[in-house]
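Chain IDs A, B and C follow the sequence of writing; residue 1 opens each chain.
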Amino acid sequence: MKKRLLLLASLITILFIAACSSGDSDEANGTSNGNDEDGITVWAWDPKFNIKALEIAEESYKAENPDFELNVIENAQDDIVQKLNTSLSSGTTKGLPNIVLIEDYRVKSFLEAYPDSFHEVTGSIDVNDFTPYKVAATSIDDKNYGVPFDTGATGLYVRTDYLEEAGYTTEDLQDIDWNEYIEIGKKVKEVTGKHLITNDHNDFGIIRVLIQSAGSWYTEDDGVTINIADNEALKAAFEVYKNLVEADLMAVHSDWNQLLEAVNSGSVASLPTGNWFTPSIKAEESQSGNWAVVPIPSLPGVEGATHASNLGGSSWYVLNIDGKEEAVDFLTSTFGSNVEFYQELVKEMGAIGTYIPAMEAGAYEISDEYFGGQEIYNDFTKWSGEIPEVNYGLHTYAIDDILIVSMQEYLNGGDLDKVLENAQKQAETQIK
Amino acid sequence: MNKLKQISVYGILIVSSIISIFPFFFMIVSATNKSVDVSSGKLLPGTNLFTNIKNLLATVEIGQALLNSAIIAVTTTVLALLVASLAGYGFEIYRSRAKDIVFNILLLSMMIPFAALMVPLFRMFGTISEIAPVIGIDTLASVVIPTITTAFLIFFFRQNTKMFPKELLEAGRMDGVSELGLFFRIYIPTMKTTYAAAAIITFMSSWNNYLWPLVVLQSPKNQTIPLLISSLGSSYSPDYGVIMLAIVIATLPTALIFFFLQKYFVAGMMGSIK
Amino acid sequence: METTNLNKSIKQKSEKYKFKPKKGLIGWIFILISVILICLFYFYPMLQALLLSFQSGAGVNLQFVGLENYTRLFSDPTFLAALFNTVIFFLIQVPFMIILALMFSVMLNNKKLKFKGLFRTAIFLPAVTSLVAYSVIFKYLFSNNGIINTILMNLSIISEPILWMSDPFWAKIVIILAITWRWVGYNMIFYLSALQNVDESIYEAARMDGASAFQQFFKITIPMLKPIILFTSITSTIGTLQLFDEPMNITGGGPGNATLTISQYIYDLSFEYTPDFGYASAVSFAIVVMIVFFSIIQFKLAGDKK
């Protein structure tokens, strides 16, 4: 018994020392704290996209600044949101990064919730160099906080082979509205048996795409006043959604994995989404040559309806801690002003920025055999310049959740005006 | 009649086992498949295992994460078992009204969702970082320390102590064993199955702990396994084959620990001691 | 072992001397470390969370609002929906899971059963499966053209696929199945370990008296395991009232708010929406009040006086 106790005690001691000494080595290496060392620390998600872009930027910046060191900390997006909220609200700056990637829909609420925590970059970048919708998304009034990164410019990914079977070409999809597209969809369904699109009833991305294409959002331009009940674009988007469901043109998936499955297995004929979806389409090599991208259909009967919109996209933000000057310099010399860097980005990983000089320099004129030789990157950048500017405001996701419930009521036969009025009331009481 | 009963018992157990194991089977099969095949729900082993291994090793440092998780889980388990069993034993054997009140108050601590404690706890570790950086933010110790003592485990030990044959202690006292000695020399050896169950449960929850390590750990070299898996799945175009492989690797240690400790759950173990 | 020597003398001695615990300091020493650590890492943050629940605002812009957060709870339709779902899950889940776990542990405690180790491990495995794998698989099993629908249609139980994740009723069922799948084996462990402390000779005596298996179960097993049943029912109460992982990862709280739980709402209020930690804390304490309420009932039912 004594022996065992001794064994136990020594085991505990060893482990505790191990645990502590691994803490010790942190201090020795000095990597535990992003804010008091030479290098710049960044929090970002998606190793294949955002982090790869960072690595390319690091390389480009190192050519001028050989001593520069970039520490990339990789977490899922939801995790970064949690970490950042916890750190910032606790008032503890220890462990904070110098730069953080934040999704455009979310950033206004961060800036509002932690007003002193972010460093303004006004003047460090030339806002005229970036597409206007992106500048609107990353600024409050005339103050710029974000260095823009990728665009979520949307397009309609279509299966040209299915269209052809039903007697259509991509020419027929130019400059149409959703009602016309639904008619085409019915024909495609009849001939091929494939659903026109697939969607997750819990993901309101498609509704956001539709309303932004008409220059509207859940909130007014101030980002706070709820704009649901009298929102013509939102009403039209709800109607389009219901028409798609009732004509049985919308397949339903309930998770990202199933979305990929539906697209890769060829069970849907098209998908309106952001350009970042391209690699997921191309993952299925056997469908090469069967895809094309066209502008999304416009909202029928809505004033100011366009064929361009945005889904997702994010930008870089500098935190107000030691090292901010260096962080700003790094971002502005790469994402903020470097045409060659953007050329590298699209060549290496198909990422499209919102930097206008790069578009003008022809960085995106690359034909892609997978899409039948179409210059898709060029098309997307062209469309990204046409995206209507909106203020994503403070409450995008909170209102999303309210409207998802409203949509269920509407699909179950509720009166649209009444449903939206209720949503408006609920949003107004919930959001103060 | 008896035969029928036996068959139905085996029948229930076999069906339940298959249902229980199915997702496990899917995980292992998927680890050998391409991402596209995982998405389509392929149930047959593929040939992509080596590519997945290569990709996994190329994208993340799974070895480091396994080591970190192991250090955290083993330290937590050993310390938690000791501290909680001492307390569970103390509350039940030296029962008094005052201690019962303290016990009930301690139980309150497991009733609040951890999300509500996170911000204050983080602020606290921010302060600790300034006094004693070795156990401050971004150290493995900072993950271990707040999880050592849980009312859950104290409660578990106390409830089991209610079934502990207390005559054993009196006999020990008669033989002149000290109070602490009674705990270490009589209680611990008698309660092996309770310790085994507690070890499995504690190791498992520490190994899978997500929220607190996520917030308090920053540098990549301190990353734990659940954090690593989550970031693998964060991509716009996740490679499900690789993710499933990582999950299989992450699940094995707990499964193995259970497999080895479950020999303590044999009917009549106590018989040899009584 | 020394203990065996000690044990030998028990029979003679324990009958003569009634067991009397030593009162005083020594008992407090046993619990001291735990009390200190729990105060430090639970009660201190809890107190701060309580103070926070009287404030409201975005992020760090907090203002004292008194009890407003608590009155707001009663007029917040999202909270009420979450409350409703959570209570439903609790009422169905806890009894269902405990009965299943008891059943398995008694089956597996049979000395004559073959392949015990394999069965035990198999039934426990779901508890160790990573949440990521488990949610991917459940979503896949219950997708519109998934295995479950295929099987049910082949058996002609249904004629059209059930839209599991898009139907408010079926989505709740999926969550209940998922929790049951994951946690039965976990609860079984507590019973299995406790069953080892039950003296086999009691069963033998009962069998000699001609007690059936059912009688043995209700007259011996249940009363002997009472402390552990109380333990698992209270921890399961806490687990279901704080339910987060399953709805978050499998249904995302949907369709609509059909599977939204209170914990997921706390998460949304803190991280998904513009953060209002004050209101989120108030919602947390609503959970605490509910758990305390249900726990007291269970302690009373178990008659845990002595």
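Criterion: a residue touches a chain if its C-beta (ideal position, glycine included) is under 8 Å from a C-beta of that chain, and two chains touch if they have at least 3 such contacts.
For clarity, every value in this text was computed on a predicted model and none was experimentally measured.
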* Structure fact -> Max Cα-centre separation from subunit B goes to chain A
* To do: Would you mind telling me which chain pair, A-B or B-C, is linked by more contacting C-beta pairs?
  => B-C
* Structure fact -> Note: subunit B sits from subunit A at a C-alpha centroid distance in Å of 36
* With chain centres taken as the means of their Cα atoms, state the distance from subunit B to subunit C in Å. => 15
* What residues in subunit B touch two or more of the other chains? -> 41, 119-120, 123, 185, 189, 230, 233, 240
* List, in ascending order, every residue of subunit C touching at least 2 other chains. => 1-2, 136, 140, 270, 277
* Structure fact -> Shared-interface residues of subunit A (touching two or more other chains) are 1, 82, 89, 91, 257-258
* Asked: What residues of subunit A sit close enough to touch subunit C in their complex?
  -> 1, 78, 81-82, 85, 88-89, 91, 109-110, 112-115, 201-202, 251-255, 257-258, 394-395, 397-398, 401-402, 404-405, 407-408, 426, 429-430, 432
* For the subunit B and subunit C complex, residues of the former touching the latter -> 9, 12-13, 16-24, 26-27, 41, 83-84, 86-87, 89-91, 93-96, 99, 102, 106-113, 115-117, 119-121, 123-124, 145-146, 148-149, 151-152, 154-156, 159-160, 162-164, 166-172, 174-175, 179, 183, 185-186, 189-190, 193-194, 196-197, 200-201, 204, 208, 210, 226, 229-230, 233, 240, 243-244, 247, 250-251, 254-255, 258-259, 262-271, 273-274
* Which residues of subunit A touch subunit B in the complex? -> 1, 5, 8, 11-12, 15-16, 18-20, 22-24, 26-27, 31-34, 45-49, 71, 73-77, 79, 82-83, 86-87, 89-92, 94-95, 256-258, 260-261, 264-265, 276-277, 279-280, 283-284
* Sort out for me which residues of subunit C touch subunit A in the complex. => 1-2, 56, 58-61, 75-78, 136, 139-140, 143-144, 163, 165-166, 168, 251-257, 268, 270-275, 277
* **subunit C residues touching subunit B - in the complex, by the definition given at the top** => 1-4, 6-7, 9-10, 13-14, 17, 19, 21-23, 26-31, 33-35, 37-38, 41-46, 48-49, 52, 104, 107-111, 113, 116-134, 136-138, 140, 146-147, 181, 185-186, 189-190, 192-200, 224, 227-228, 230-231, 234-235, 238, 242, 244, 263, 266-267, 270, 277, 280-281, 284-285, 287-288, 291-292, 295
